[in-house]
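What follows is a structure written as structure tokens; I'll ask about it next.
Here the chain labels run A, B and C in written order, and each chain numbers its own residues starting at 1.
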Amino acid sequence: MRIRNTAFPYFIWLGIFIVVPLFLVLYFAFTTGDSQTLSEFTFSLDNYKRFLTPIYLNVFYRSVWLAVVSTAICLVLGYPIAFIISKEKAKTRNVMVLMLVIPMWMNFLLRTYAWLTLLGKNGIINYIAGKLGFQGLDLLYNDTAVLLGMVYNFLPFMVLPIFSVMSKLDRNLIEAAEDLGADRRRTFLKVIFPLSLPGVITGITMVFIPAVSTFVISSLLGGNKSTLIGNLIEQQFRYTGDWHFGSSMSIILMVFILLAMALTSKFDKEKEGEGGGGLW
Amino acid sequence: MTKFHSIDLIDISKDFGETTVLENINLYIRQNEFLTLLGPSGCGKTTTLRIIGGFEAPSSGKVIFEGEDITKQPPYLRQINTVFQKYALFPHLNVFENIAFGLRIKKIPNSEIAPRVAEMLRLVNLSGYEKRDIDSLSGGQQQRIAIARALVNEPKVLLLDEPLGALDLKLRKEMQMELKKIQKSVGITFVYVTHDQEEALTMSDTIVVMDKGRIQQIGTPTDIYNEPRNRFVAKFIGESNIIEGTMIEDYKVEFAGKIFSCVDIGFENNEPVDIVIRPEDLDIVPLEDGQITGRVISVTFKGVHYEMEVKNGSFTWTIHSTLMKEVDTEIGMRVIPENIHIMKRSVDDEN
Amino acid sequence: MVEKSIKRLYTFMIFLFLYAPIIVLIVFSFNDSKSRGVWSGFTLRWYFELFKDREVLRALYYTIFIAITSSLISTIIGTFAAIGIFGMNGFGKKLVLNLNYLPVLNPDIVTAVALMTLFRFVKLEFGVLTMLLAHVTFCLPYVILSILPKLKQMNRHLAEAAMDLGATPLYALRKVVIPEIMPGIITGALLAFTLSIDDFVISFFTTGHGISNLSITIFSMARRGINPIINALSTLMFITMVSLLLIINYRTEKQEKSLEERR
């Protein structure tokens, strides 16, 4: 029984708007040339060579480092909250999840902007600090501010997948463990924690990727002192106009993320081929 | 291949990629008969049904419907309707709209739809249920709505894919009777799929026993039960004792160290054969009167009868009797010649 | 118990951390001065200035226009895509699913840059059209991912039952499949709408001709410095959002209650 595939228009869309652009970026990454017509580009690895210099590598390392640290902080802060919420009764749980979700729904820029006001020289924190005797703290326009912005923005993205997995844990498993003599600590270590790992993996993915590739947070909260790889790419495409260099950095970023994800998915034995991850 | 057969399947085979699911299926279904495809999971019975319904296309072979080749016809053009295993009732429509679905497609006017739906509901004993929601119905009720939905379209053939599987025992037995009644009163061909051999024996005019994608035997319930053609059928239908022996000559067979009279002929002299004796056909007699003797090694109360295992040498006999003999008793057993069934020896695989 | 208090304290601190910045934003939207540390008195003037700010109003218009249009388009294409993909098998299916997942996995800057490159390549003028195309592109995967689970949940024999009763595949689709997966379609549409309204990075790279959406406008204003108009905007958006979320939550709870009662 053959039904013509209704996904056909989508295949075309996929081809034009996802496959072709990626190939174009690849093409740009491996060529140089100033002209307006694509065919006049020449093959070159210069873009990559340029990237492998200390200035740019430094930016890359810092981006990765900040992303790792912020992911770690989100994990450390977020896991307990996910656990606490999952053990509450249904009504309280729903309220708490709702309260977690509301900040997520707030516009991402506004959330970042909020810290701009908080951390500024004339902001509230400095105001309070001033009353306590500390003068003019330099809280803004450095890596710490960026880190803070990342954690603030991405914390719910860590909590929700972990919570989602935990709340779906079969109660019977925990009861079975207790029935077999495990105390609360053991039950957690041997049953709950291992089973929550898929959620942790999802959470890590949902924080690390945006964290390593952000340019908004570093732009608003980091100023010129905190350039991340996202900023570099943005500069190339919108100001400098060297799309080749910009493309090569995009490719490097993409490959790096794919490798990082492949690594973490080794820890996640469940392959989610279709449907969503822990969030939906 | 005459106009008098409802359906003919000719040389049907089906592959799914590397796996062959059906091989060499040839059978015909008569008008107004209740035919059952019977077999274990994976034997190909559902696939065969789906091929008849048009949901799968055979890899080779033909499907003939009242003389016409419908192999390439899609399901919505066939005058055949299906009752699916999990009923597949449309959750977003109520009972009335579910049953009326096919009629609406045929653009039958509303004035005609209402009485026909009511008629069907009466047939399945659910009059008045028109406005009910599907999820408010019990399993048995949903089942009957599914049947009504199919039958209201007056198909020539109704296909039923293990429709009673999800019901509890009592309900299943009731529904079996009802289905049989409906079939007789409506007077159309039913093609029924099940793995429950008791169900098949109760309801069918003809049973097609299948295993591993092939037809093992076709016959009436009594034929299949009394004269299983091979080891598989003998083991699948009812309980059996299957023991190896030798056909000495016509009407004479040797097994368990003795020679018995029997009613089968047509084998070679001294041909190795398989003998099938149903547990209920072994009578318990005093030790000295027994054709076969043995020691009882287990007794289980089954309600209807006792099931006892009796060990004689290396063979363990299973017997069903309303008499109870305790474990470790030596007993004698007799069987009349008519109840000794001979089959060609299977050189086969699984036990 | 000590443990309970620790839990309570911890939970409170986390929620405080999450909400403090927002609360400060809201409070200072009523502050009668541009300072963010000192309170000078209550005023609504920033709200009035907000409604008079042309830049913001224009951005709001484009934001909503693109959100509605792109969620509509992506829902339609996405629904048919999900149905088609669901019926596929083997390598083709895996390929499509992985490609589909790409914009979700890729950092949005890479998707943005790739689309930007495409538009330059075909010499398309940057503006509303390019932003729209970009939005549909990143919304599609989420729509599809919302609908696929519903298709999996659906009794796979429903469409067959319809055809068995005489429906052509198209009729079965219309009358049986789509009503069944409608909750997934609606979720997908809402998700697309939300993502589109909130988007910054992709819009930033694929727009032109001075067309901005709300996020872009906020970004440029924020770069120029603190502006209480943004605070006012935040407050309004916050209130809208909370109300929306509460309504949705209330309705889902009602639905679940009525389902429970019917059993």
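Throughout what follows, a contact is a pair of C-beta atoms (placed from the backbone, for glycine too) under 8 Å apart; a residue touches a chain by one contact, two chains touch by 3 or more.
Predicted, not measured: the structure shown is a model, and the values here were computed from it.
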item: Label of the chain whose CA centroid is most distant from the centroid of subunit A; value: B
item: Chain at the geometric heart of the assembly (C-alpha centres); value: C
item: Geometric centre distance via CA averages, subunit C-subunit B, whole Å; value: 55
item: Centre-of-Cα separation between subunit B and subunit A, whole angstrom; value: 59
item: Cα-centroid distance, subunit A relative to subunit C, in whole angstrom; value: 17
item: Multi-chain contact residues (two or more partners), subunit A; value: 1
item: Touching two or more other chains - residue numbers and ranges from subunit C; value: 163
item: Contacts with 2+ other chains: residues of subunit B; value: 55, 74-75
item: Contacting residues of subunit A [partner subunit C, same complex]; value: 1, 3, 5-11, 13-14, 16-22, 24-25, 28, 38, 77, 80-81, 84-85, 94, 96, 98-103, 105-118, 120, 122-124, 126-127, 152, 155-156, 209-210, 212-213, 215-216, 219-220, 230, 233-234, 237-238, 243, 246-247, 250, 253-254, 257, 261, 273-276, 280
item: In the complex with subunit B, residue positions of subunit C that touch it; value: 155, 157-158, 160-168, 171, 176, 179-180, 262-263
item: Subunit A contact footprint on subunit C (complex, rising order); value: 7, 10-11, 14-15, 17-22, 24-25, 28, 35-38, 77-78, 80-85, 87-88, 94, 96-97, 99-100, 102-103, 105-110, 113-118, 120-121, 133, 136-137, 140, 144-146, 148-149, 152, 163, 169, 173, 194, 198, 200-201, 205, 214-215, 218-219, 222-223, 226, 230-231, 233-234, 237-238, 241-242, 245-246, 249, 253
item: Residues on subunit B engaged by subunit C in the complex (per definition of touch); value: 53, 55, 74-76, 80-82, 84-86, 88-92, 101-102, 105-106, 133, 135-136, 149-150, 153
